[in-house]
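As written, the chain order gives the labels A, B, C and D, with residue 1 at the start of each chain.
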Amino acid sequence: MKKTLKIGIVGLGRIGQIHLSNITTRIKNAEVVAAADISENLLDFARRHGVENVSTNPESVLTNPEVDAVIICTPTPSHVPYTILAAQHGKHIFCEKPLDLNIEQILAAKEAVELANVQLMLGFNRRFDANFLKVKEMVHGGLVGDPHILKITSRDPNPPQIEYVKSSGGLFMDMAIHDFDMARYVMNSEVVEVYAKGKVLVDARIGDEGDIDTAITTLTFANGAIGVIDNSRKAVYGYDQRIEVFGSGGMTQTKNNTPDTHEYYNEKGGHLSLPLNFFLERYAESYVNEINVFVASVLSGEKVPVSAHDGLMATAIAIAAKQSCQEEKPIRVEEILNALMA
Amino acid sequence: MKKTLKIGIVGLGRIGQIHLSNITTRIKNAEVVAAADISENLLDFARRHGVENVSTNPESVLTNPEVDAVIICTPTPSHVPYTILAAQHGKHIFCEKPLDLNIEQILAAKEAVELANVQLMLGFNRRFDANFLKVKEMVHGGLVGDPHILKITSRDPNPPQIEYVKSSGGLFMDMAIHDFDMARYVMNSEVVEVYAKGKVLVDARIGDEGDIDTAITTLTFANGAIGVIDNSRKAVYGYDQRIEVFGSGGMTQTKNNTPDTHEYYNEKGGHLSLPLNFFLERYAESYVNEINVFVASVLSGEKVPVSAHDGLMATAIAIAAKQSCQEEKPIRVEEILNALMA
Amino acid sequence: MKKTLKIGIVGLGRIGQIHLSNITTRIKNAEVVAAADISENLLDFARRHGVENVSTNPESVLTNPEVDAVIICTPTPSHVPYTILAAQHGKHIFCEKPLDLNIEQILAAKEAVELANVQLMLGFNRRFDANFLKVKEMVHGGLVGDPHILKITSRDPNPPQIEYVKSSGGLFMDMAIHDFDMARYVMNSEVVEVYAKGKVLVDARIGDEGDIDTAITTLTFANGAIGVIDNSRKAVYGYDQRIEVFGSGGMTQTKNNTPDTHEYYNEKGGHLSLPLNFFLERYAESYVNEINVFVASVLSGEKVPVSAHDGLMATAIAIAAKQSCQEEKPIRVEEILNALMA
Amino acid sequence: MKKTLKIGIVGLGRIGQIHLSNITTRIKNAEVVAAADISENLLDFARRHGVENVSTNPESVLTNPEVDAVIICTPTPSHVPYTILAAQHGKHIFCEKPLDLNIEQILAAKEAVELANVQLMLGFNRRFDANFLKVKEMVHGGLVGDPHILKITSRDPNPPQIEYVKSSGGLFMDMAIHDFDMARYVMNSEVVEVYAKGKVLVDARIGDEGDIDTAITTLTFANGAIGVIDNSRKAVYGYDQRIEVFGSGGMTQTKNNTPDTHEYYNEKGGHLSLPLNFFLERYAESYVNEINVFVASVLSGEKVPVSAHDGLMATAIAIAAKQSCQEEKPIRVEEILNALMA
């Protein structure tokens, strides 16, 4: 086993910068040896973090013989081709979610990775957050008994730009996909059926693009449990991220994280801090933790904990949710998988 | 306006005793002048509370010329005939929920009451609980802006006896009906569509009776908002009664009430009190408040705040939920109303 | 053992009315058979609650042969003479706190009660509040191990009228005396030394009367533990009543009670309910509980749980606190007792 | 203004390592160019973090012409001589608390620093913690009105080794000194009088060394407010760090930080996470923040926010507390200052 994993990063946007900065400062046994972005400006960011080998050509990083593993942070349409290229060059791969909006593409990436015998880990970072980890441990450890009801509340502080909405794949594929992954993860059971009710209540322009901004999605799990996710694109009080699992043995839930724990009381009432503002702040530690796990898994040869299969299933649930919402009836996930893999 | 409302109570079971005891000790401007129950033992309870005119014949109370208003706490099948009889004798009526499981019967009662020009108030006591009242005031007062998402968690500490399940009308009609009423009340908007996913996860015998014990129900409101109710017949940690309303202007939620506010910390963790055990304890004050409102409304001639229409709508939603659960598709409440009133 | 305790109440001010109303409606095995107050208006209150034997002469109640027990709610200076008179006539006595501001007077009452072999219970109602009871049970049950540190926060929403301040005996005797009793009760150990730092920060007129409105009092207990009480006459956010006990095995604390459990979040922050406003509302249940315990103790012949000795000790601590504050040094409670009993 | 501050660190124990690691990874505009420790092993730690100039001789760092500023993390007795040496060589200084246990020594350091016109900042890191910062901002911003009562709870999870106790200066100088600094900081007013009650309740060996392990300390501030600090060397539930400020306009308080926000309910009760374990974990961010502020202040030439005067006053309060505890009477801080500077 090598002692230090040499990493190449492609895509130095918001999330690429976070990974680069984290690896430089907080990740054990890893260093960034190459980075690529189409923007020269962003390459400066890499240079300032001590990466000498920078390029505007992502392929040069993905095929660089010095590189052991790549982190793919480019826009979604390039995820699969870059994954395949990297796999063909024997690199282990950490790829931001979603792997693709299209199940055939996901399967193509999965096949390439298996063929090349490299690891592919997807960036479902919330799995590595202390709150969700605790709930998952309690559920898997039997503290809630047989799980009966899962509740996830997941609300953004503000909708994305309309331009982004157009190419995002929609609320289920872009936003709720994290919640679908969390549902499978924490319940330790596959989602077999989805019913989604969606609405345009936040911004009519989102509806003009054929998307929704508010949704309640009912999930049925293979183990018999049921669950519900409520999503909104705009919570004026900030980023609302809560989970609850109820079962035969008890119930566990998490509250939002806040910048401090103060309470203030005056003649008008009691006052509390708002939740941490948005995902970069709220999930900052999870981005460190997920790369630490990726690096440790690759170095030790152990299986990474978030696979292409996980990406496949989350995507299938998102497709089912979108179809349920449009057709106004529950959809079985198996149908989606069968239809798309036919 | 009379100063004191003379009340007759029919049915001295658990809830009838509560009303009698509350009127004797905590309700202003009212006294119980007559009471009836088929059990002689229960009449003793009335005598000990100073009711001299007791009888094993409910009709004698419902037709008693001395009585201004009646409180009907007998089993559900008698609610409508007793309401009609009382109305025909000019009594104002407070009737425990549900008015009936059958919409035609409800309409018959409604008609009799209107014909007699008396008031009929239904015992949706949770409307008079401090937590729900606060949330309703905040929503109606505009503090959450336009409501987008309603969440109700409603879980009992233990399932009822199987014998009771058989005649209860099922989880939606017997238990969730309170939540359906609360949904309409707090959102100030009618439910137009229902999708319910039900499961038997607590006790297989409940399934043997054709009922369910766990459910997630999605509601669509006339004002465009959506909502979700999760129900379970058995929460091992006690009676779980929470509500949350989210909208364009903010979010409000309530926690469970506890017998005390202590926290305890030792080397094993922090510890909190469990919720108040069950509805008699949790909603004790609401039973006082609802009768106070009933008495005040009748004495002043103002309209009671929970009408036969409210009973009708809650029942229609329950029927829609049951049908949705069986047919595995969303059901419009209007269809239920039209079909049953056809 | 008699089945029903016949009670006479002297003094129908705020607290006398509460006891009368509670006995009428919520206390088991007791009835009010006589009541006295110097105000004719207040006697109407008693008549409306069904007390036929009312009088402007308290002595007629205290000596009434029909009366088994008396509740003394008159101003403090009459507590001891009325207690002695009632004892001489064989009545059991429930007396509001403080028994007296003077230790010799307290001892005189104690002696009369012992001589007459009747019970005397003092109205330290907070002992019967669910929060304090829970903490006391946890401490006495060993859950905090050996107690090391007691913390009591006790702040009123508003200072009393200046006229009242003049005759109140001062902050320690009038307000903190409840906290001194609670300290002894919950720690199950006598206070042996007191150091108090007092300030006039709320209202200069309180200082003009030689009193203080803000204080921090350090207590040393016979069992080696130490404690601190902080008092203020004016908390703009309402009545602040909290306790914490820390020991070798853990820590337990209580929060304030609120009218409801809602939380509200908007773009300005999170919001909570304020504490229940003042003692009549906050401690409403404790007034019911204490009389229930008094009645049950008298009827069964068991010792009442709050004795003249408790009044004596709380008063001695208050005197020590006042002296400590004035002399700016710690004072031993034994000195106070010795000096006053010399 | 230089763009990057070149820092030398002397002492690479626990806290020295934290500063080195933080500067390497998380501090802007600073780099560690030299480090010294008497242990060769610890120098390896520095080398692994890219510090090439390492030495077993602290003086070589303190006098190194390349070094702009030094961070002193050696044992307390060397703080003043190293501060003076560094000042004489024109270095800005960040020194861990306490500067010294002796006030004359502190004054000598202060003088040297002023003479050399360099900055000296003390490591009262809790001032840079989000919770305490929030409370301080609220108090200084007038949200609690005129402050009346300060409450600090500060309890360690475990007592230090007895060997450490011997040389620590005792509970007030070693542990409570952080709380004394916080009291001055948050109240924005000097402490003028101290009364401390100390006990040996945790470990008799601490008493054998002439120290205490449990204390309640009453503070009187120049602005008229009063405060109380309760300390324990052993809280079995972990590191307990809370603050509350009460005033004419309201009250603000903070709760402990926890590793996650979960709540768990089963039939035995509700359960919460324990506080973050100890100061390295609880105050991790504050160590980053304080060095960021130090670096920014030195680079910009602005005054550092924690001065030798702050160290002087915290030490004087600690001496007063110890003397009060021994002499069993309140002590004025001015007396301490006068006596020691005479």
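Miscellaneous remarks
Simple rule for what comes next: a contact is a pair of C-beta atoms (placed from the backbone, for glycine too) under 8 Å apart; a residue touches a chain by one contact, two chains touch by 3 or more.
For clarity, every value in this text was computed on a predicted model and none was experimentally measured.
Comparing chain pairs C-D and A-D, the larger number of C-beta contacts belongs to C-D. Taking the mean of C-alpha positions as each chain's centre, the chain lying farthest from the centre of subunit B is D. Put simply, the C-alpha centre of subunit B and that of subunit D have 58 angstrom between them. With centres set at the average Cα position, the gap from subunit A to subunit D is 40 Å.
Per-chain Cα centroids separate subunit C from subunit D by 43 Å.
Multi-chain contact residues, meaning those touching two or more other chains, occur in subunit C at positions 236-237, 249-251, 263, 265-267, 273.
Residues 24-26, 130-131, 133-135, 138, 143, 249-257, 259-267, 273 of subunit D touch subunit A in their complex. The touching residues of subunit B, counted against subunit A in their complex, run 145-146, 148-149, 151, 153, 155, 195, 197, 199, 201-202, 214-216, 218, 220, 224-228, 230, 232, 234-237, 240, 246, 248-251, 328-330.
Those residues of subunit D that touch subunit B in the shared complex are 236-238, 263, 265-267, 269-274.
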